[in-house]
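Can you keep this structure in mind? I'll have questions shortly.
Chain lettering (A, B, C and D) follows the sequence in which the chains are written, and residue indices restart at 1 in each chain.
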């Protein structure tokens, strides 16, 4: 898989692409067959194999509007019990949850690496004084440690957002009544046991059918955007601070130019900002689709989710690795930070003078850093509570 | 307050409007003054009063880009200690969290009413058979109880989403270091105690400064959209089912027409669908802003949040009441549902015949409802675990 | 009208607010009455007066889902012929087009002022050399005149986008057949003449009914966003260039701070960026609504347009004035630009050295400005072709 | 190319995919080489060949942030004159415009087919009476011819929107000054002649550099969404009207089910609605990016356009064919329409009775169709003025 339109896409290799979806669709049908066998309801079948190129299946998918119909036709050549009791949406929704599980795992791994790197930066640079900037102008001094702690806060928020995501199996039959499952299993209770067993085989949560209750989909979308928000904000800072006139940080390996030999562009930041600009509207699409999920399966809103989830998932996974590279490779130029502070005349301490005048006492001449150090401590404490590895 | 462009807006009276924001801004300044007094850092001041019309303050807000600057100028006529140690963003962010707290409370109240009403509908209509519909076409039979349980699932998901929202105070000073607070309080530790005390007075969580870590804002946006998603989906169903050719439900009080005397339009559903179409892009704006939150206060991204939160909050609050009216007033026409089922020939049981043929046995002639009843039970159990009042 | 959540909103006073909408609704009913009278179909009526507070009308609007129903009830007390032949959507859609016409006029006026100011800047600063910046890094030299010409290009594009907007009247009756109008007018031909006459009275284009063909709405939304795009890009440049480390431009009147006396924030740029971040999702909402405009009047998609158009229209109108202030007041610091260029060592001419090496000849030592001057000429020519006033 | 997440994607085969982009990138470099040769500035080179798999190029693209850098490195093995004078953005932007030209051509072809089909439907069904429906309820009668004319209006609007799109070449060099081109060409005038010649070779408009004036990009995005809006609205109508309880139209070939043998789903409508729900947020992303296009090349906003344009372009192209299939294959059930009208009792003529009562005369008993026929004529006239082929 490659994407000439999305540099860095190959970082998401194996995640939520055609092959991964096809594999997951087959895995869902297999888990269902296995659950039927285990319950003594179906005879043993050979292990299913996909036996179709994704491109061929994709071409066959338009007629019925989804890829499960042609896939089942092919898989039934391997076992007539394939898909008995299920509906297309069961298989697509459950397969997407499987694929999303892989995305979330990858993203969490990278976020944890970022927590370590940012915690180290925050701790190391507690005393690295730099100009605080608000509305682009100098405000009061901060430390680079505090800035790194702020970036870390976003990353921890993203980890918490992901931790709240549920990945339920969808096994409800044609209209969410498990009608055909009950025919096969013999009773409603047995039908629910069967779906729970299949969910367990797939490592997903059992759940009541959610064909038109799309919170599992919108929640994962929102959580993925919480990640790209966190990285977008870091990238925005790095892009600004690596401007030559500021020069306070540099990416570990700058990108070159097709024509200007001297350029060292903050490419990771550029690509992360790109990602963060495109993901919020994708998550919005998932919500709009959720609001339009009428009947027992809606007339378009469901179908709008698939590629949207794919794009959200792959872009977030690729950005996760880029963000790790960014924060682990970042070079911090304390000398340039100090020079900015020195060159700011009294601007960075104007507040201090003002408040001293109000309080009727002289302004001190110590570093004007307020509680920056304590705030760093507090964020590091939070990081430790989420991630054991933080020292 | 009124809004001729948004019928039903007055249901949100008192929530997140100009007067509410002004009140909250003053309340934040007051809580800060009180905390200073309590800590022995400032003398007693008279209780602050707003002393300005919102319209006048609004006009004065453009020069500095926010309403706190002109407000503080006026409030300092009442006490010179007003706002000492704080920055504009502290006051705006904290005031918005206060206002959002009122919105969330209102929305939660309405969601709880909806839980009761939908649980009752689900229970009452366990045996009310209707056609299940997928991709607009008849699928297998369902019950109206199951449909109500599905609606209830969305409402419970929304309640859970709201339960995860944090409302932190923002008290960090010009660049998030609490620099001026430390000057006043004497030490970083005392400064943090002071901000915690002020947060407690306001009923908000104390937190590390989050001027550019905007998860509190995006999380509340996402949760509000989870609400409008749930209602939009109910409204989509009601709009379809109240078509004259289907006629299976009717809103309690249909809306009239300016020209056609016979019309009874599903107005609440129409207005809820309207809301649900407009809110996801608003939440997306909050995410885009979060990703662009650079420096110690960003150059536009922060300002983009205010009206976006207002619109999201008020629209959700107004829709909350409309949704309660919709589900409590809904009239269910079991006879029309039965007639649809009767008129569907064998379509609704075609699946049963097909699976019976596969299993090599005759199809039964009992109602073909699968585990619908058990699924209803499961959703009602979940409702009870969230809301004690469910019988 | 004021908006404490949107500093600068008062610049849009009188545009697309409740009073303007109410006035336009009455104006549409009046024009219709007048057209009926002129055609000899109805007797003379007294001139209509609104006789209701917008707030009261807003409260009455929810029951039927739009404000026309209660308005007509009140206006019929003045003449029983009010609204005969029309439907609510006719009146709302036509009134919105009237209000949008006022917005477009205001915005075009401001854009023309900006054309003049930017053309002057482009011409004046043809020789003001500054660093070109790509991906935040120094590239090759440009001139500030070229930058101003680029800004001007965006403003001219916006003017062209607005010039393509049509403002049609909507006069189609309950389902777009002009059924009741034909009853009154006596024939289909007379009915169409009547609607054309009413449209002419309102200064709007006559058109076939477009109740569910929403291109007039989406087109105006797209054109308004083309404006905020153009200003957002200017504001992004100004925000960057007014950073203290760069200091190459300053806003005419910088905004102050609630706590830091030295601050001169680029407030207009901040507020313009704010606007530009919020408008694209609003225009997207109009498109989503257009795609869902089913039946002869849709069940929510139409209602979603009103406040969306209001917010888009007012925000664009307010931003129009802010953008004029920004470009007319901008202070350009040629000395700082020259200093940046001087301090860039060979970076800004590295490309020249590289191409000279390739061509096997020495790099010249003249200003390395390529065809910047000719490009400025070309943009000024385009400005002149659109706007006579450009010298 | 295939896309298992987007059934129907193969309809866009050859359009805006990796191979098409790679081909276009090489075509731009070739046209530039040819223009240099023609102007006597460079020696003859062998015809360029891509000599790289898109996947390999994609992998190499991340380091510099775009695919042109590694591509040029490879193409320079074929001629050292490749890319001399250009910058990466020149090549990417121009290549995207080339690819978009192919998309627009395809989409216009399909729209023209739809004009013919819809004009025929409108003409044929002038007398096919059906219920008009507003807010889901019966309003007054319409004809299916009028409905088809309304659909046609949307398609004509889309054609007009596309007709307004410009496809300019981007040839401006590193920072839009054509600096290196002037070095090669010898003078600014010669440089501009060279870029005009290269644009002409590519069939694109010459233009002043637009690296940060992104109207060409947002305009094409808006126009593509105007297309999906038009189809989404048709699909929304077809989905509703093909509900079994209404049954007034059927898609030519309904989609099957994985489990229910009787189903004939309106699959094309479902897939078109899917498309129309996902495209507006993509166009919004292009606008947000345009507003953030700072400096002489922005730090992420440019990169956000590529995949967004690809998705918008391919989805619109695929939907174009689906929409043609939908409107050419549609089966219209005049009998069911008549039955609905007959069953509506007096509802559909209640307005007529009401207006007759007001006018003090008896209501006629003729078909109550107002000026429907004249409106159809007017839309057909417009179709003829845009498309000669309409009879």
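Here, contacts are C-beta pairs under 8 Å (C-beta built on N, C-alpha and C of every residue); 3 or more make two chains touch, one makes a residue touch a chain.
Everything numeric in this text was worked out from a predicted model, so none of it was measured.
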Between the pairs C-D and B-D, the one where more C-beta pairs touch: C-D
Chain of greatest Cα-centre distance to subunit C: A
CA centroid of subunit A to CA centroid of subunit D, Å: 30
Between subunit D and subunit B, distance of the C-alpha-averaged centres to the nearest whole Å: 35
Inter-centroid spacing, subunit D versus subunit C (mean Cα positions, whole Å): 24
Of all residues in subunit A, the ones touching two or more other chains: 65, 87, 133-136, 139-140, 173-174, 180, 239-240, 255, 257, 259-260, 265-267, 270, 273, 276-277, 281, 284-285, 288, 292, 299, 351
Complex interface listing, subunit B residues touching subunit D: 133-140, 239-240, 242-246, 255, 257, 259-267, 270, 281, 284, 288, 292, 340, 344, 346-347, 350-351, 354
Sites on subunit C touched by subunit B in the complex: 1-11, 18, 21-22, 54-59, 61-69, 72, 83, 86-88, 91, 173-174, 180, 235, 239, 253, 255-260, 265-267, 269-278, 281-282, 284-285, 288-289, 292, 299-301, 303-304, 306-311
Of subunit B, residues touching subunit A in the complex: 65, 80, 84-85, 87, 132-136, 139-142, 146, 149-150, 153-154, 157, 161, 164, 172-184, 188-189, 191-192, 208-210, 212-215, 218-219, 222, 225-226, 228-233, 236-237, 239-240, 273, 276-277, 279-281, 283-285, 287-288, 290-299, 351-352, 355-356, 358-359, 368-375, 378-379
